[in-house]
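These are the structures, in structure tokens.
In what comes next, subunit A is part of two complexes: it sits with subunit B in the first one and with subunit C in the second one.
Here is the complex of A and B:
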């Protein structure tokens, strides 16, 4: 099997990798945003419970969570598809990290702006939506791209719960033809080709945001 | 032109931060069209007092009525009735000057975008900064930013304006442009309470100058009396230090 054949075989797993990534984002973004915002605003016991949920997802290995959900839940009669298990565990894990950037970004915002919003007679939700969130998203974009990269890389674990992603394809090919150097170099190359554009995009975004004119976020501001 | 209508009525105001009493038995009536300057050493409670008026600070005792609105639960009406200008401008950096001014009009007043922009542009014109409408706050000088902040507050057509040390974080050469705008407002009859150390401004514009110390109003008088013949020894000591 030529290197090219191997590489092509691995790319057949790309759709699973991408599916898990996109579905994972559907868990990660809402969870990160909501958990971070709640942690910022709540106090006392309700805050503690949000923190507990975040810490559960942050302080446990994703692989173990995947095994737990995929192999243990059926014993109590809950059957989730491998895709759903993979996307939810990876997404919530990454989202838990993201929530901390959300909270930090909110805390870093100048309190005076919130006061100015109050002084203008805006309601608290309107202040959050039009003043805090746009600036928060802007401050978080570089972190967000990092988290996205972590998520894509994390999808390689789904091979272990029977999903035929790129990593799984590589293992299958290695059973057909014993050529670890070629197979795993091809696999690395495949991930690199997928991820490198994202890091480039992230760097571009960081520069754009760093310019400080705020053009980027003004569009958000307008949209709401 | 000072009338007999009371716009802001503060009665028996007491405020504590934990054990520290920041305001003590404050009584103050501000008439329609009256300009009041509050001065005093730092920590004397001047900022706290005006922040209580639009409830950016809560208080434990006493009452504050603004245009008859006393109900503490009707915060939105109260805050839309008084405009506030902050020492640090507190413009929204991610929005253009124009959007800074229209935000509350569209969000709180429910105006259409075009109508809000008309209002905003006319007020930006009034503070002589209309040509900067499409810039972001970060692209403006401190003095320009503060004038935008004034226009932003005026957009809500407030019945009174509160200024919390509006020139204290400005470079000296920019103080005048802000004070000139404030003096214009005053001459148009805007009811104003202004916390400032600009004694020249107080002399020129104020109907009454109030001196606060340790949470109390120590002296309140017309500027000529306040500056020429203050009755209280602490006022005299303060004026001696800053003039």
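Here is the complex of A and C:
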């Protein structure tokens, strides 16, 4: 098998990688927004419980989360497809990280904006939706792009719960032909081609948004 | 999933037995990622061609999954006659993967130090090495302590990846019990709880450190 054949074989797993990514986003974005907003607005015990949920998804290793739900849900009578389990665990893990940038962006906005909204006779949800959220997007975007990269990279884990993504394809090919250097270089290359444009885009966004490096530093290290 | 105390205790015992190895891997990988990341960042600043090359390397590391990097080292090195135990390969992969992120942290940390500092130090006749290690590095470390701490937590949370190449850290031990008893639910839940407590505690310490550093730099 030539390097080109191997590479083409690996790309056959691209659809699973992309499917899990898109489904994961369907979990990550709503969860990140809702959890971050709730954490900002709630007080006391209800806030603590939201924080607890976010921390659970953030602080438990994603591989452990995935195995946990993949194997535990059937024992309580819930049977979900591997795709759904993978997408939801990856998505919620990434979304929990995203929620922190939502909350930070909300806190960073000038209080006067909300007061002006009230003065204009708007209700709180309307202020959030029409005044605060549009302004937050700018601050949140770099983190969201970084999280998207983490999500795509995270999909490589679905190979471990028997789904035939690019990583799994590489393992399959390695059983047909003994050529680890070509197979795993091709696999690295496949992910690099997929993710490098997003990495560059994220770097560009970060430079555009976070001119003051203070904001940049805040983001670092929260995202992996 | 019936409640079975002896089984739970057996799992917990295995997890705690594997905890020192997990922590040791995390610690060594933190040190490795720190040194390598710092080296990457210093090399990036030497001159423009080298800077662009280092940037490509760092971006490559950041744009490929950790799992794939682990597989790469685990399967490709033996092909060229370099046979290393899984722990070593895993620690190496963790160090390399996170060095890409730490290099970015170092970059942000160095960028916040005014250029006048190194110019002044050079003007005073300090050797370039001394400027890097005695003037820039100490100030940078304080700037980046918090984000770096967050990556160290991430390294701890990434140690379960090593289970896929047969390292008997916490996840590996748990999987061993699970596959020998055909009961996956309880071991995985317990492992999740233990990891959650470990990582949350570490993250809490990092936040405390962040608050203290912010207070001390206000003075």
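As a working rule, the second predicted complex is superposed on the first by the 199 of 224 C-alpha atoms of A that agree within 3 Å, B and C clash if a C-alpha of one lies under 4 Å from a C-alpha of the other, contacts with A are read in each partner's own complex, and residues count from 1 in each chain.
The working rule: a contact is a pair of C-beta atoms (placed from the backbone, for glycine too) under 8 Å apart; a residue touches a chain by one contact, two chains touch by 3 or more.
It should be emphasised that the depicted structure is a prediction, and the values quoted were computed from it without experimental measurement.
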Q.
After superposing on the shared chain, does subunit C or subunit B touch more subunit A residues?
A. C
Q: With the two complexes superposed on chain A, say which partner A:72 touches: subunit B (first), subunit C (second), both, or neither.
A: second
Q.
Quick check for you: in the superposed arrangement, does A:120 touch first (subunit B), second (subunit C), both or neither?
A. first
Q. After lining up the shared chain so the two structures overlap, which partner does A:142 touch, if you call subunit B first and subunit C second: first, second, both or neither?
A. neither
(Q) Identify the residues of subunit A that lie in both the subunit B contact region and the subunit C contact region. (A) 213-214, 217, 220-222
Q | Parts of subunit A lying in touch with subunit B, wherever the complex brings them together | A | 110, 112-113, 115-123, 126, 130-131, 134-135, 138, 212-214, 217-218, 220-222
Q | Contact footprint of subunit C on subunit A as seen in their complex | A | 55-56, 59-65, 67-68, 71-72, 75-76, 149, 153-157, 159-160, 167, 170, 174, 180-181, 183-185, 187-188, 191-192, 195-196, 198-200, 213-214, 216-217, 220-222, 224
(Q) Which residues of subunit B touch subunit A once you look at their complex with the stated criterion? (A) 54, 56, 76-77, 79-80, 83-84, 86, 88, 90-96, 99, 103-104, 107-108, 136, 138-139, 149, 152-153, 156
(Q) Taking the touch rule as given, give the residues of subunit C at its contact with subunit A in the complex, in rising order. (A) 1, 59-60, 62-69, 71-72, 75-76, 78-80, 98, 101, 104-105, 108-109, 111-112, 143-144, 146-151, 153-154, 157-161, 163-164, 171, 178, 184-185, 188-189, 191-192, 195-196, 199-200, 203
